[in-house]
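Next, two complexes with subunit A in common: one pairs it with subunit B, the other with subunit C.
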Partner chain A sequence: MARALTVPIARASPNITLIVWGGLTLLGTLLLSWARIGRDLFAFVPGSIGLQLLRESPVMSGITAVAALVVLTGALQRPESQRGRIALWLGAAGCALSVFYLVSSGQPFGPAAIVAALGFLAIMGTGLALSGTLRTDAFLATSILWVGAFVLAFILFPLWAVLKASVVVKGQLSLAAVTSVLKSPAFFLLNNPASSRNEAAIAAALGLVTAAVVGIVWLAHRRGWRALRAAAVAGVGIWVLAALYLGFGALRNSVLLAIVVGVVATALGFVFALLSERSNLRTRSLLGPLSILPIITPPFVLGLALIYMFGRRGFVTNGLLGLSTGIFFGPLGVAIAQILAYAPIAYLVLQGVVQAMDAAMEEAAETLGASRWHILRTVIWPLARPGIANAFLLVAIESLADFGNPIIVGGGVPFLATEVFFAIIGRFNPSEAAVYGVVLLAMTLSIFLVQRYWIGRRFYVTVTGKPSGAQHRPLPPALDYAASGVFLAWVVLIVALYGSVFIGSITKLWGFDYALTLQHIKALSPTGWQVFWTTARLSAYAAIPSTILGFLIGYLVTRVEFPGKSALEFGSMLSFAVPGTVMGIGYILAFNQGALLLTGTSLILVLAFVFRNMPVGIRSGIAAILQIDRSLEEASTMLRANSPTTLRRIVMPLARAALLSGLVFAFVRAMTAVSQVIFLITPAHNLATTQILSYVEYGSLGRGAALASLLTLFMIAVILALYAVNRRFDTRTVGKTLMT
Partner chain B sequence: MKRVAILAMVVTLAAFGIASAAPAGRVTVLCSPNPAWCDAVKAEFPRATGIAFDFVRLSSGEALARLRAERQNPSFDVWFGGTGDPHIVANEEGLTEFVRPDAWNDVRTELREAVSGPRGPMYIPLYAGILGWAINERLLKEKNLPVPRTWRDLADSRYKGLVAYPNPNTSGTGYTLLATLVQVYGETAAFDLMKRIHRNVAEYSRSGAGPGQLTGRGEIAIGITFVHDAVDQVLQGFPITYNAPSDGTGYEIGGLSLVKATPNRAAALAFINWALTPAAQSLAAERGQSYQIPSNSKTAVPRTAPRFQDFKVIKYDFLKFGSQSVRDGLVKKWTEQVFPLPK
Partner chain C sequence: MNAQPHVRLRNVTKRFGSAIAVNDVSFDVAQSSFTTLLGPSGCGKTTILRMVAGFYRPDAGDIFLRDVRVTDIPPHRRNTAMVFQEYALFPHMNVAENVGYGLRMRRVPSPEAGPRIAQVLELVGLSGHELKFPHQLSGGQQQRVALARALVVEPEVLLLDEPLSNLDAKLRVRVRTEIRQLQQQLRKTALYVTHDQEEALAISDRIAVMDRGRILQSGTPLEIYHRPANRFVADFVGLANFVDARVVAAGRVEARGVTLAITDGAPSGPVTLLLRPEAIRLHRQPPAHAANVLGGRIAAASFLGTLARYWVDVNGMRWTIDVPSPGDQLLSGEVFVEIPPDRIHILKE
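Then we have the complex of A and B:
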């Protein structure tokens, strides 16, 4: 066993680690199946175990020989550094040969391939540590390689598959898919031949007029080149907005939706944040519990509730107001459902920002004679701006990726997320779906860049670590009452909407017959219950690896120095910034054929959950580890504990609370996921969220409501259980861990 | 380290072990009818045969897409139900095949003939259903509007926002409507009519039963759907009626096909044979909320099922409109020329 901090001992005894890994790899290679038939990982495939392949495949002989050499190396009496270099090269050769064998055979991988890949990576890792190439021990070096391989295989490779499929049609490089999508009216149509007006001209004219007006006004104030730039930016901005507004298609609908939802939800979130930190009114105590509700339920539950309350036979629209209107079917309904669902996300981001503002600055402004309104405008607003941009970004990405609400209340209007779905599920046109995916990806990245640009120019630090004696100023009463009013309206809506789902699940026929019944709940058997338990089971399976992996990455990133660290961090967080829909088609495209065939198994669902939710574990892991004094770990190392022992005995117990909540949130997020997994469900492993969507779509609203209520109650119970176990529990931290 | 290494391997293997086995006594089905029917089959088929049953409900257009996606590695054994056209396309593309079930001679002759091409039958008829519409007369009365009689009536601008039909991209019902209009009016006139109806359409639903559901809930007044789906709404207590246009309407012959490359052929054949027995077919109406005409002439026709003699049903050319080129061409034309029009 090598230790990073000790000088390698010259005369070495046999290296147990290498012998064990080499032996495991050898045994796995020889005795387990390299291929499988269809989707069953454990079905024994005659003729596919290494022993039988040795004669026909020289590559297999090579793999076996390499593994045997590793055992030999471990047993040899050589200096550790030399042994390390040999192991490193052997491990690399073994990996290369295994990959070559899998790719050339083209058959779906079997268990032997998994053992060989992990084994050779571990041998490489051990080699890296022994040879001193990485200044760490075998366990951590192996962890780095494993985690890196996972990120490569399950995050970067699917994204690559999307990019590739968008420009490769039937094996040939071609822009046909790109042009056919970009030209398709379902994607974007500006000049509609069926309308009498010329939309393109109107948009261009509006842009030009705006540019001219801005340019003139600017020149009148200050001369100079900046006037030209301002005019150009304003002109292009208005032109784009006008074109979007006048145009037709998925791009237009999704972008406008994301902008509107982003702006309104962020504004609401900011109001809530001010309330929670600065209000004198009692209403603010409702913020914690209610803001968590939309986060722990699938967002489309609100869409479903919207039909109950505001549909043509809605309780409010028809029952109370006697209206007969369908305007809530369509983009308006989707926008309302999303705003209600995502306002808490914005709130949780901004709450921290508002809380962290140093009250001394406001005090200073007040001393200088500024009014409270003036302070809000000139002190609080600029300080909150980076947080606001961040909240907007998160909400806009969620809105772009949301699939459930457009399907439930979208009225058949095209959105990017639904077009991706129809392209792959309805037409099985992978190139078309991939192009839509690339568009979504490009938009997420551009929002991200805009945000960076906006914040990048000015940055404020007000928390300096020095204690500040100043108290937070309360809001001006007028603002306090107005904000509380807005908040109360939101509360009433949220309570009514969730309530209507619960009541809908025990109501005979909403809108016609409000008699109470258990028929919808009874109708959950056999399918509904089975699906619910499958979801819970798979989510639980996924929660453990995503927490452990996330924690491990968090540890590696904060405590270990190695080349490619920032790439690993970026790669592992990428799955979070990418819309789930894009990840979903990535998984379909990457794992649908060849050696990596995984579609149709439950494993792919678990993997999707693991890598989608791993960032939750990383974030909570990093936060917890940073609070642990490094000297504790150093002391443990001094006492000759190796790094797994240190992790197990020192770091993990200290970070137990974070680990536990990470575990629970990985579970919650998996239970409520839709956008990604809707592409991956299989007959034996349907999921609750997609099942609800299918019920609602088939018009079995009652059954959908019953399953949605079950899911919601279950999530509440899980969160309460966490609360019972974890004393230092705070709804805000719950929310933050869930979404950051 | 050694212990950790061994533990790591065990955990990894265990994690990978979640991928579940598909034992021989199990049939995996793409189920395209009403989910209630799929549920009923799931409850009854294992009881009758001892073979386990898994299904995914997908509208027939989606089911076809799934079969295409899994051409190399099919995870389904049988495709149960759904409109016939995509069953024909799947057969043409070599995704599915026709197998002669035990009860073949009991299948209604006219259905057997309608699905037979020069190379023999393209799929096994499972049921027959008539295209029509569900009408919410209460909503029409509130708006003081007449009940429509023909397809052309739907283009009346007074029905703005009150009509729905399924998106032919995903729904076999939607495609049946497309093909019906083309057969009744000719392609040019049919697309002109659809462009005018488009202004009135509130929603293009994903599945074929969607418009009936919307009509039942009173979200819209006229939902184009198979009339047997409307019957389900009526029986559930929704205040609707159903009818078919008097200028002629199409129909579907629901399909049952064996997935060609299935590794589970024996179990699949057992399921297909079972699905054609009168006992299995009567499940549709009894517990599956599905009121089509069953294909087996020995199965009693449900009392509530709409009959062909009550409507003006056209002689629908299944082989022509089921062929891939015609189908893909019409759907593409609709997607580009009708769907994006402003309302």
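Then we have the complex of A and C:
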């Protein structure tokens, strides 16, 4: 036992990592195609491999020379830090040369370009680690560079393209598009010349009156600046709300919709959260399964169902009440569909908040002599407030970004998300679309920033702290029954709506002939089925990288220190806040020509899915990693495991459940995505959701319902499978991990 | 023992943001010695240990293993092994897999690894538990697996960060003795962190007492206890009575109007006297032929089994005094307090 191992410190043997990456890059550059014809990434393009290009292109000779030098650097006996610096510069030079070659050739990139980009970045990463510039190892440094490059290329670059398109018209910097949209009555019109009222004056007057009243009331209570501030806030608030209410146009419709849906869905979500944590009634057991349904189906399925139940020939409106009303086509229908669809999101946010509110605190308040009402006002409400704001903002973002419901039940009323679409598809005006996109983006992004930096911090404070084990107090019975009643009403609506879609898919002609038939399901073949399987296949392809990337980013931001970390985190979470339609036009604007041409390929769909759903992976990854005691990884490192080994043997097995649910949710979100892919699909690569929309648009409601039912059932099956598998993981290993 | 220190820290400083966790620390760990970092919570012990392990890089200063500067070497290329406070056993691996992990990472072939795992498990008294998972073991057993996992890779230096703090009091005493015996048997160099002064005294060859990122004193347990360098060390290690006094002549100090004989030498002027509770004797009757006898009154008493602890008011001060092997009756009321001159220690500050 006493035999001591000698430490291999600062040994200058060849560096395998550099040799391998240099070699791979060299081989890929020389033997794979740099260009691509058409859609197939892997088709061999004669005359475009590095070997053939060497003679005509000095840049290509430079690229291969750099790669060869990297191999040499790895093989030579040099001190590690010196070798690192050389590798860093060689990698940077290789990247620069490759980009230069691609830009100057102007042809769509081929596989050699991918190998070169990844290879040179890996060489730079290895250099950063060896030279000690980054205090991590080659694997993590490379991951940082790769992830950074992906975020740059597939999140920030498309957003940049949208921004650019909004101010560059026909190659000229110009605000023409911006002003024409902002002035257009379809965007926002306050003072309607056709009406006798002066809406602008009314709104301003309302604002002034409110400011005066609030100011006086506040001054009466306490003097000073706070009164002035309260008056200003209230006045401006009322003025804006009045202007929105009285005005017209897409901006007004979208914002009002977001506010109404946000308020109602959050209220519902809070009621559900109270029920799930504190109800004595059996109804609460329905919460889990029914609240997950709207989350795993495309939101517009509810819009479709609204047509069935409340449309012109709707089962309730026409069949039962004998009305023929279009009242549900328009903002009202959109609002109802969104409220039903997004209440579960608010519920999931608020459930955590209600759960985290420590019962011991309430008990403490009670022993201090506070009444029930007092406890609600002084303990529960202040603690729940940040969570409620959070839920409201999340729902508002979803509502602003929703595309499917406004298209299906919007009745032609303009909304921001649909205007983006019509500007491109109907009016062929990318600049106009970009301006709408920027407006939408500005709104969701500011909400995202508020949510993240202002509320996010307060939110954190309330959910930390050890649970005391005290039991939550049950709701007072009256409140319990009232809340359960609200919940049951929601349940009945949801069941009826989803049910109508299922039944709609097997009835002959809804509203006219309710005879059962299999004709719609039969009519799905071949197109419907084919589209369905394409969607499943592409979603599966996308789910794996989005989970792995998300997990890796989660690991990097929680466990590794490096410059630019918060930028990486922000950039990668950004795509949560970007409405799908905006990301969609970003992709067509960014990847439409030159070296980066990707439109028309299935790759661009997969990429859109990956970077759209990566935040799901990041969140579940971070949650799982935070549960793993850091000392486990340190113990592994001490025992000589390098970081990929530690990830593979320690972190990933312990985070398996989270990884799996991240994978499944990424898959589900890809399968149900609409807005970000609606611009990217081609007849060759149509997707289930967009196919449903086009069935509905062309009047085959039955076929739409059949495909929607198929999608819903498939999603339910996938989620059930996840639960079945994860429960076993939970009890065996994960539970134990969570305890240490 | 080798003359060259095994671990050397030279002027090491570590900051977290603007706060200094470790402030210009230099100290040595001798070959095959058991050295303990002792100090209150937050004083920077763990930070030093983690710098030796390589998890943190010092902001200034250097760390050497023998004569190799390891300041810039990452943890997995140093030949140190660490036992973590929470053990950090891999919950998804059984005992044998946990212990074998380091061997596997060193690509030790399994015919060789098997016997080594068995041997080290036997050493820590866990033979037969190979196939159990960490959650099937008691706290003490988990602790021993963690130790075995660190030992099996034959590290040059064994680092232990409060490894006993999750054990109950009795077990803590037993396991610490086992750790000490193992260390002596294997002649391993060990650097140990604790905030428990009794533990530090019991098992260390040398102790470095820390406060607020600095090492205040380092020495053998006996030196630290009997010759503390300052008031903080005296107070942190063991119980202490402090008396403000003046040296009035060679061998004489005056405290609150009472003159005491001392053997410690000190220049005249104000000083602080350190009286350990067990250095003071209590008598019912005034003892004959004794120096430094004062009258006192017992204010409170507490029976601790092997000793009785009294709080005695003496000349306007309250002293803690321990009396070994108390009989059937505790003392009370008026007493006489005797302080042998050679048990009075002068703190030079």
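General observations
Here, the second predicted complex is superposed on the first by the 690 of 740 C-alpha atoms of A that agree within 3 Å, B and C clash if a C-alpha of one lies under 4 Å from a C-alpha of the other, contacts with A are read in each partner's own complex, and residues count from 1 in each chain.
The criterion applied here is as follows: a residue touches a chain if its C-beta (ideal position, glycine included) is under 8 Å from a C-beta of that chain, and two chains touch if they have at least 3 such contacts.
Fair warning: this is a prediction, and the values are worked out from it, not measured in the lab.
Comparing subunit C and subunit B on the residues of subunit A they touch gives the larger count to B.
Shared-chain residue A:T637: touches subunit C; no touch with subunit B.
Looking at the shared chain after the overlay, A:Q519 reaches neither subunit B nor subunit C. In the superposition on chain A, contact is made by A:R427 with subunit B only, not with subunit C.
When both complexes are overlaid on chain A, the residue A:D629 reaches subunit C alone and has no touch with subunit B.
Legend: residue contacts after superposition of the two complexes on their common chain; A:L654 is shown touching subunit C, with no touch to subunit B. On subunit A, the surface patch touched by subunit B in one complex and by subunit C in the other comprises residues 1, 642.
The part of subunit C that touches subunit A in the complex is made up of residues 53, 55, 57, 65, 68, 70, 72-82, 84-86, 88-92, 101-102, 105-106, 119-120, 123, 133-135, 149-151, 153-156, 186-187. The touching residues of subunit B, counted against subunit A in their complex, run 1-2, 4-6, 8-9, 12-13, 15-22, 28-29, 34-35, 38-39, 42-43, 54-58, 61-62, 64-66, 68-70, 72-73, 75-76, 139, 142-143, 161, 164, 167, 169-170, 195, 201-207, 209-210, 212-214, 216-220, 233, 236-239, 263, 335-336, 339-342.
Touching subunit C in their complex are the following residues of subunit A: 1-10, 132, 135, 137, 629, 631-632, 634-642, 645, 649-650, 653-654, 733, 736-737, 739-740. If you check the complex, the residues on subunit A that touch subunit B are 1, 16-17, 20-21, 24, 37-43, 108, 111, 114-115, 118-119, 122, 138-139, 184-186, 189, 192, 194-195, 248-249, 307, 311-313, 318, 324, 326, 329, 407, 411-412, 414, 422, 424-428, 508-513, 526-527, 538, 541, 545, 588, 592-593, 597, 599-603, 606, 642, 644, 681-686, 694-695, 697-701.
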